[in-house]
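Look for chain A in each of the two complexes below; its partner is chain B in the first and chain C in the second.
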Partner chain A sequence: MNKSTSIFSKYPIPIFSLVVLSFPFWFEYIGGYPGLDTKILIWALMALGFDILLGFTGYLSFGHAIFFGVSAYATGLMLKHFSPEIIPAMFIAVIVGTIMAFAVGYLTMKRSGIYFSILTLAFGEMLNSAALSTLQDITGGDNGLTIPDVKPVLFGIRMDGLSMYFLAAAILILGYYLARRIATSPFGLILKAIKSNQERLEYTGIDVQKYKLGGFVISAIYASIAGSLMVIYEPYVATEYLHWSTSGELVIMSVMGGVGTLVGPMIGAAFMLYFENVLSVPLGEEWLLVLGIIFMAIVIFLPGGFMEGLARIKKRYFNKSNKEEK
Partner chain B sequence: MMPNNKSISEAMLDCYQVSKNFGGLQALSDVNLRVKEGTVHSLIGPNGAGKSTLLNVITGMIVPTHGSVVFDGKPLGNVSPHEINQLGMAKVFQTPAIFPEMSLLQNVCIPALAARDGAFKLNMFDRGEGDPIESFAEETLAEVGLQEVMHSEARFLSRGDKRRLELAICIAHRPKLLLLDEPTAGMARHETESTIELLRKISKSGMTMVIVEHDMNVVFALSDIISVLAQGSIIAEGNPDDVKGNPKVIEAYLGEEQE
Partner chain C sequence: MNHIFLQILTGLQISALYMLIALGLTLIFGTLGVVNFAHGALFMLGAYFAVEISSQFGFGVAIIAVPILLFIIGIIMERGLIRFFYERPHTDQILVTFGLAIVLGEVMKTIYGANNLPFDIPKWGSGIVRLHEYLPFLEGFVAYPKWRLILIVVSFSTVISLFTLLQFTKFGLIVRAGMRDSQMLAFLGVNITRRFTIVFGIGSVIAAIAGLFGGPITQVEPEVGMHMLIPSFLVVVIGGMGSLPGAVLASLILGMSISFTAEYAALQQIIIYLIAVIILLVRPRGLMGKKGLME
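Presenting the complex of A and B:
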């Protein structure tokens, strides 16, 4: 484990790519099934973007389902009414998600802490109920948006199975590369300073409001792309996509994996989907209870999530190799 | 009513008939304070005299009931903290305000970036490492004597060193005016001595300073001008020797406690 993490810090992108690209070929040996791998990547992409907000700035959004859901609906409508070609659909979906992010971010980012979280939650619920009532002629209401007989294509190539997987993989690898660039950029440094001491930052000549909004919009763009991919993967928009429970799951994934580590939330997403879809079978009805216990145990004993667990294992069993560090 | 910009060109900061009421309490009444460029100007006075209120009016944290503040020829009214800072004013807080989870180098890189790139820049794909800003931050840390520990996390510093770090954060902007709210509060004797030395060095570089301080040793060691506040008004002003011998000042202080 130590070996892989230290090599990982040297060559993060190649190793990450290797894991992601080889994933569908070994996933079935640990109980996975085709299709779940793609879903994991899509959720990992959303969790990765979420970490740019929560992990860097410390702002806990309970409304990221907004961007996932709105973009999913936009993609669905484009595929259904415009063209099964995914590029225009994704393009419009991301534009809609970004505009949404500016509007929601502008209004909610004026508050911090619990007030911010509650405001984002309220926005999400408002949109969710609008989709189920006022806008049901467009969204399909409680039935979700069905897109019968549409097979999404990229330049005429059918997007399903492995081709869909590799589309998601390419986007996730690019997303991870960009997230790492942001993390080490001056912009990322200032986002992290927001979490550390916002007041000092204001008295240091930084327009904190703009940086916060920037971080919020970037993370929302990740969620929008994920929402769009979800509908391309499975041409149907489920009502849960816009539901607050989607935001909630995202928070749980991030906390389980390790907030602020970029890789952690992605591992959290993979774990959660794996648990929900694979381990839940032998566990039967009680799987949610077991997941709850695992989650609580992590929060209580490993507040840094899986990533802290890995760091502890490394420290305990491989201490000799990095003695010179301290 | 506002003073003409030209008439105050030699003043870095001009508080003009500033009054502030908190409900029925008059915290400041008609305070005129002029801080000349390149000077160290101390504000002293008994507890509750209005020193902190005046400092907060200057930094825009408190909006005065009457009067105005002109900084470097520009009137400050309804200006947010980061804008005031971008105009060239930095503040050292009473309790050290730093970025505790970050390295000292990162702590100082942030104001250096703010000075170079302005209040906002969408430079999210720029390389942070190897940026010339890092060597600039390193030099600034060297000025306050913290260069050797620049890679450690700020939260592990002693209180005195946290104060030095905060000073480095503030001077990394190369501000025109540095406000210090009790820079030696809670410091041990030797730390106070070295802080005085450090502040003297900074002031020699030409930076204008306004210091609010209780420790008279610090005040007399550093100040060019001292303004004495009592019950919301300035009762005396002058160089350290004038102020020391001023009967009004002695009375204001004796009324409370003997120094």
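Presenting the complex of A and C:
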């Protein structure tokens, strides 16, 4: 173990908070622009929750756009028709997202890995086409849900710019703290045991189904909060939020960052948005092609993502210095 | 009578396309155990090649050249990428083929742009067929686009050829045995790896046929691969993963349900998903899925 990792593993929450809270003040020096930082945090929150499912249980969901999108629509409708105050909007959005998670999780979680991926993808598409056609009177159909002249507020404080950033930051830090607690809790350990050997776990008499569903719902709640925050940050519900490509992007960023590490997917989210919005300027139209190639290269050569890469570099560096000492 | 007949015909035509894509998917899954998220991209490549070649040399050349091209691409894909993933978790297979699907889509976008390419139907396939002249039970004037009828014929011929290949040839016998227990076959001294590579190529050829004949009906744009892949996945899952008759049956069910709900647009958009949910709740391994396989 390198020194820097040991510092981080000693004080993970303070260091994480420091990075997140100071982020908007140095982000522009590496090419970021105001607003992108908030977006990164929102995606990071979703990726963090996704890791509780994919990283712990190994279940690859291609339908997390469901929870992001549904709660985005719920938030949008609440802000539009009820009040610009965000607490009731977020509350309803999370409840809707949770109910959705129980329904989808119950129907898909019975199945093994491949079925699960395909079924979540199909459910996502079902809701997407429902939102675009069947429910278009409510959702605005292909135009997305426009929320004209609504300025979201929290206790009368207008949520924009830095105040919005710090709201997202507070939620992300809390989310990270909880995710770490879950990781070390008996519940989290059972989730991890599902990944390594589900059958053996079943033989011990544990109701695996219940735990899997629990993991799925928790990860969906993260996605719901992220979806809700996205609409508060930018009061408009884009149709992409419910499209499978949102799920796909989530998968890509999580895998690039390093599945199962909690920090990795968040780094992946930051990398992906940075890539999409900053590095895409010099790359032009082909940025997604480049990203796809990077993603494939990581899946092939570095299944642990950036985090594994980091660990490998450190190991090599560490071993070298070790030899020199000898 | 006319009405129902036309709906059945439309249902057949919708199933024909899903059937072709799903057949390749389920064939590759059944033999190689790989869920190929890039299979839609193979269909997309087929459609693009068909447009390009038929505009240069005519559709007749495309009919021969596109399947050959896709066969080669399929072999390269399997030898160059997929085979390194047989020992890795299914999740990794999904991820790498998903990545490949993005890359192939983006390459086509870079070359041809994001817009729909016009795909001209060859002269012999355009126009309509006056069905009432052939079928006495139809009243009055009933016509149907010729190309769609050709698609139905092509699709079912492909299905029959594939079944013949697998049921009545030595190659098919070995492949079917390999689907059951590939390790045993390797012990018996059969080079099953090479056969499986060819199976992947055959799956790609079927995708090429789908692209050739389905391209004019769907659209030829980079997104079309994923767009066609999702319903085809449903077909495979409903039919039972790895089951060819299941895929045929499931695509007929889905095609008919889309066609017969045409008057209720709100229902039509989600009907296939509803059917999938119901079937999988009642029969989780799919209509004709084998017991114990991927349960």
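In this text, the second predicted complex is superposed on the first by the 315 of 326 C-alpha atoms of A that agree within 3 Å, B and C clash if a C-alpha of one lies under 4 Å from a C-alpha of the other, contacts with A are read in each partner's own complex, and residues count from 1 in each chain.
Going forward, a contact is a pair of C-beta atoms (placed from the backbone, for glycine too) under 8 Å apart; a residue touches a chain by one contact, two chains touch by 3 or more.
None of these values were measured; they are calculated from a predicted model.
With both structures placed on the common chain, the touch criterion links A:Lys315 to neither chain B nor chain C. Shared-chain residue A:Gly248: touches chain C; no touch with chain B. Within the superposed three-chain model, A:Thr204 lies in touch with chain B and out of touch with chain C [touch as defined at top]. The wider contact with chain A, measured as residues touched, comes from C rather than the other of chain B and chain C.
Judged by the touch definition given at the top, the superposed model places A:Ser133 against chain C, while chain B stays out of reach.
When the two structures are aligned on the shared chain, A:Glu125 is found in touch with chain C, with no touch to chain B. Once the two complexes are overlaid on the shared chain, A:Gly113 sits against chain C while remaining clear of chain B. Overlaid on A, the two complexes show chain B and chain C touching no common residue of chain A.
Every residue of chain A that touches chain B in the complex is listed here, in rising order: 178, 181-182, 184-190, 192-193, 195-197, 199-208, 210-211, 214, 218. Listing the residues of chain A that touch chain C in their complex gives 54, 58, 60, 107, 110-115, 117-119, 121-123, 125-126, 129-130, 132-134, 244, 248, 251-252, 255, 285-286, 288-289, 291-293, 295-296, 299-300, 303.
Those residues of chain C that touch chain A in the complex are listed here as 35, 81, 84, 88-92, 94-96, 98-100, 102-103, 106-107, 109-110, 226, 230, 233-234, 236-237, 241, 265-267, 269-270, 273-274, 276-277, 280-281, 284, 294-295. By the touch rule above, chain B contacts chain A in their complex via residues 59, 80-82, 85-86, 90-91, 93, 97-102, 106, 109-111, 113-115, 117, 119-129, 131, 133, 169, 173.
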